[in-house]
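The two complexes that follow have subunit A in common; it is paired with subunit B in the first and with subunit C in the second.
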Partner chain A sequence: MDILQVLADATRSAIGPVAAVYALAAIGLNMHFGYTGLLNFGQVGFMLVGGYGVAVSVSTFGLPLGVGFLIGIASAVALALVLGLPTLRLRADYLAITTIAVAEVARLIYRAEFLRDITGGVYGLQSFSTAFYQWNPFPSGTYGFGWLSFSARDLWVMTVTWGLVLVGSAVMWLLIHSPWGRVIKGIREDEDAVRSLGKNVFVYKMQSLIIGGVFGALAGAMLVVNQQTITPDQFMPQVTFYLWAILLLGGAGRTLGPVLGSVVMWFLLSVTDSVLRQLIATDVITFIASSEIGGVRHALVGVALLVLIIFRPQGLIGNRKEMLINVK
Partner chain B sequence: MSSDVNGATVDRMAGVDPLPGVAKPDPILVVDGVRRSFGGLTAVDVEHLEVQRGTITALIGPNGAGKSTLFNLLTGFDRVDSGTWTFQGKQLNGLGGHRIAREGMVRTFQLTKALTRLTVMENMLLAAPGQTGERILGSFLRPQWRKQEEANRARAEQLLERFKLLAKKDEMAGSLSGGQRKLLEMARALMVNPTMIMLDEPMAGVNPALVQSLLEHITALRDEGMTVLFVEHDMDVIMGISDWIVVLSEGKVIAEGRPSDIRADQRVIDAYLGSGYEESGREPQTDTGESHE
Partner chain C sequence: MRRRLVTVLLAVVTAILVTPAVAVADTQGGETLNGQIRKPETVAGIDITVFQGDEEIGTATTDSEGRWEVALPGPGNYRVVLDEESVPDEFVVADQPGAEHADVNVRPGQQRTVIFVLAYADEASTEPSPSQSSDDADDGAGAAASDTEDGLAAPGVSSNASFGTKAIQLTVAGLLYGLIIAISAVGLSLIFGTTKLTNFAHGDMVTFGALMALLVSGMTLFAGLHTAVTNLLADVWLLGPVLGFVTRPMVLGTVVAVLLGAALGAFLERFIWRPLRKRNVALIQMFIVSIGLAMVLRHVLMVAFGSNRMSYPDFQLQAMLRLGPIAITPRDLVLMILSVLVLVGVAALLQFTRVGKAMRAVSDNRDLAESSGINVDRVTLYVWTLGGALTALGGVFYGLNQIVHWQMGFHLLLLMFAAVILGGLGTAYGAMVGGLIIGLVAQLSTLWFPSQLMNAWALGLMIIMLLVRPQGILGRRERVG
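Now for the complex of A and B:
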């Protein structure tokens, strides 16, 4: 087995554009769950409206890409309002149920036949990201060294997406380490206590939902810009569960938790994939067909997460002391 | 039944008759016809109740009398079925809990609500009112809220000192004992700068040695002009500190009066106190409130 090749692929995956996109979306989920305690099981819905915001604006209506991003963000704000207005005054589980349902309904609407002229229906949309690649300042060629090199195109996507992750993490840090963040964390602990101290809990929860949703939308936008195409069925509920896995792996309620979580997660996914592939190719493993690798590696990652939750429930960089405090 | 905490026994309720629903000279809180039922059970049914400004009023009654429910209703944590109430002349019906707290009526909870994964100091700072940095855009104006934060921190340290929690200020609130959490919750409520503070069993689980100093603190707050309404079961505490006592039973106000009036009230004895408090004999009472049995 070529271990160097496995590690090279895994590293590329861990620092690649997709890992950055997932980190960005997980930062939003961290705002929701890690800091505010909101159970959002529909983060993929924010990615969907963000992605389509860009694709529909540019591809269908011929608007500039920048406007597409703004529309993607505005869609996320609207989605947050739709989710939050009816549920944020109710018990936490109502938001959870609503988010998972609304995200799925949104996907079905965007793929619906009657919207085909706008969203492209099940076939989605293409050619909306030309402008993005025209802005690429890197002259074409390969960048990096040896086994770790990227094309100018990939480098450009990575620069922008990781740049957003960096700026997003900084914004998050500033927000959380402020009196605003203190109220947000207080709500996570006990919203009635916070309300009894004169804070409008509903407004804070709404703000948190919107901010985290906008991060999801930016992630969705960068995802489809990277792919240069969008289809509705890539926004299935399991994307949200990947994001949860990433957040818990890295450490919820830590600024860098989602970033680290995404890097490690994509590294592990790539390693298990390559190792399985090589073991099957060399007939070491015969009871798994190569077409089943996808499923098996997800199962393995699931087991890894279970082990993590048992032995390190606070995630890789979470605070164990905080974790072990009995909440009620 | 000492009244030593009271110091010189000033009668702040001079001239007020010990009758259920009696009018007070300067009421800060006026409750009218507040009712709340859960299914078939009428938990609260208060026809008229006034709380005198600048006094310590105890709300007592047997378990399940509706004391906590009345607190929840008045502070916007539960909805009344009917009735109105005004605080400093302002009608509060339908306002959310945070609005009522901002009006100056701040409550604590019987089941303590420490914000467990925040430090003791963070619990205190969170409560301070009118913080610039607590608004979403204001949170980026670091230099602006830093100063406020320093002032709030100084005030918080004074309060924590009072409540014997200063040494714990950087610990997670979740690591405090039950009694310490009670203390933190009271200190935190005071951070809001309330006009009236409503304490639901503030002394439950607190070390008796500390209770005395807390009582002194509460009387000091009253002497500075704060109004205190508290629920308590400990008779020594109640009799020692209260200017006025309101007795609730099955949701209704069955008696009101000074500690001496209450101690002698036959219906209170029947409903609540039991024989241990019948020390001043059984003079016939002239109350006209709704009678039980």
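Now for the complex of A and C:
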């Protein structure tokens, strides 16, 4: 087995754009769950509307890419309102069920045949991100050293996405250390106490849902810009569960929790992936076909979720006391 | 390398829906969709894709004679799309019947022909030639004489069945769908009632049941037993046919699957949920545990059984029965009757037996039940056992009605949630009522709206319900916020 190769691949995926995209989406989820205590299981829905906001406005309507990003963000705000209005007054598990359902409904609508002219149906859309790559300031060539090198294109995507992650984390830190953030954390600890202080809990929850959703939409937009294509079926509920695993691994309720979680998670996923692949190639493992590695990986994420939440709910850098919240 | 990551990620996510279109090689001459593009001349190399609901079933490319064929996993409604990109430049797809047939109904065992017509690009607006009017002869869902001629090519598409017949057929399909949802959702609702746990792994318990039945009914041991019994008792009056039926691999498989489902439910409660409750793990965390559990269960089943669509070997080829305006296969009729019996049985159990009363008591108020001498832990174990058995049964019924697939349970899960919320979280009867409504809404919505969106309507109904009456139809009015 080629350990060095495995580690090199894992490092590249840990700092690659996909890890950055997941970190960005998990920052939004951290706003929802880590700080406000909202059980959002439809974060992928925000990614979906964000990605399609960019793709549809550029590819179908020929608008500039910047406008596309704005439309993506606007769609996320709209989705947050749709989600929040019926459920934010109810018990937390209603929100969980509704979010997962709405994310699925959104996926079904975006892939539906009658919207084929706009969203491209099941085939999705392509060629909407040319403008993004034209802005690339790096002259073409390879950057880095030895095994850790990226093309100019990758470097540009990584710079922008990790830049967004940095800005997002900073914004989140400032928000949480503001009076607004104290109310939000108060809602997580004891909603009734906050209500008795005269705060409109519903409005605060809605604001939190919108802010987290916008981060999700940005992540979705960067995801599709990076891929240069979008298809509805890449936004399955599993993506949300990945985000939850990332958040819980890093530590919910911490500014850098989702970022650390994403880096570590993608490193581990890549390692297991390559190790499994090599073991199968050398016939050490015979009961798993190489086409089933994806399934094994999903199962491992499930195990990680189970073990983490039972034995270390605060994740790598979280505060255990902050995570002992309960649904009332 | 980064590209590979993206590809891997994409593959993982898309592989879930776009499972390899390896159609079941059905030795009994299973359902297919086929056709020949020969108007105005035979054209090779045109791609035709078949979808069911959201999922791609298969793709075919026309051969040198313009023929194509896609094997189907089972009867049902399909959508056939001709890829207009693949049509050579000198042709265009004629407006009638167009490049897509939205609702092609395939009956069990039918090899159905779907007609696509091309036109020369310079005369794009050709009128449909008379031969297409033969579409009307067979309305797919309705009363055409060719219904029982399974295996014969019946030309045409079903989109022009009369509204009334379609409505009746869809009501029947919706009732069956709703009954299946109800059976599976009763357990979910009872579990929520007794433990306040929203069990996300419930859908995968459905898959577990369906796959276990598939495993058992495929065992040669049981097939051998069946032949032995039928041979031995062939001449015995009454007992022979009855035992012959009971030992059919599918029937035995269902029984074993239900027992295994009950065992799985009891196992999960005894070795996961009870220890977690004893550790005072918060509900929110239990909820996430159930999601993790669902992912593990689902993908272990996928790795073990593969990601192909499968169908039970038994009860596939059946002629339609006609009861007045209703056409239904005996299999679906039996499924409906059995479902009603099971639901009535569960209701009787809850209403009249000691353990059923205890279940309702715990569901109503756990602390009060405990202080009045009910062994809450034991009742919870019974609830999980009952829930596991019912979900496994629901899974087998769903698999018989549609297909067996490692993701079937997850698709059903969202509908079960919708049913439970609609009827009232925590009430067993609410889940039954909600299930029926959800099934009917989902099926009947296809009368007016594309069938791709049928689940979206069901979920939309749930959201509306949350807005106007969050406690559900049968739920008690209480503060849930």
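Please note the rule applied: the second predicted complex is superposed on the first by the 309 of 328 C-alpha atoms of A that agree within 3 Å, B and C clash if a C-alpha of one lies under 4 Å from a C-alpha of the other, contacts with A are read in each partner's own complex, and residues count from 1 in each chain.
Criterion: a residue touches a chain if its C-beta (ideal position, glycine included) is under 8 Å from a C-beta of that chain, and two chains touch if they have at least 3 such contacts.
On a predicted model such as this, the values are computed, not experimentally measured, just so you know.
In this overlay on subunit A, subunit B fits alongside subunit C without clashing. When both complexes are overlaid on chain A, the residue A:I288 reaches subunit C alone and has no touch with subunit B.
For subunit A, the partner touching the most residues, choosing from subunit B and subunit C, is C. Judged by the touch definition given at the top, the superposed model places A:R182 against subunit B, while subunit C stays out of reach.
In the superposition on chain A, contact of A:I109 is made with subunit C only, not with subunit B. Of the two partner chains placed by the overlay, only subunit B lies in contact with A:K199; subunit C stays clear of it. By the touch criterion defined above, A:D190 lies against subunit B but remains apart from subunit C after alignment on the C-alpha atoms of chain A. When the two complexes are laid on top of each other via chain A, the two nearest Cα atoms from subunit B and subunit C are 9 angstrom apart. Residues 325-327 of subunit A are contacted both by subunit B in one complex and by subunit C in the other. Looking at the complex, you find that subunit A touches subunit C at residues 9, 12-13, 16-18, 37, 39, 41, 85-87, 89-94, 96-98, 100-102, 104-105, 108-109, 111-114, 122, 150, 154, 226-227, 231, 233-239, 241, 244, 248, 270, 273, 288, 291-292, 294-299, 301-306, 309-310, 313, 324-327. Against subunit B, the residues of subunit A that register as touching in their complex are 174-175, 178-183, 185-186, 188-190, 192-202, 207, 321-322, 325-328. Residues 75, 77, 96-98, 101-102, 106-109, 113-118, 122-123, 125-127, 129, 131-136, 138-140, 142, 145, 149, 172, 174-175, 185, 188-189, 191-192 of subunit B touch subunit A in their complex.
Subunit C contributes residues 1-2, 5-6, 8-18, 51, 54, 56, 79, 100, 102, 198, 276, 281-285, 287-289, 291-300, 302-303, 306-307, 410, 414, 417-418, 421, 450, 452-453, 455-456, 459-460, 462-464, 466-467, 470, 480-481 to its touches with subunit A in the complex.
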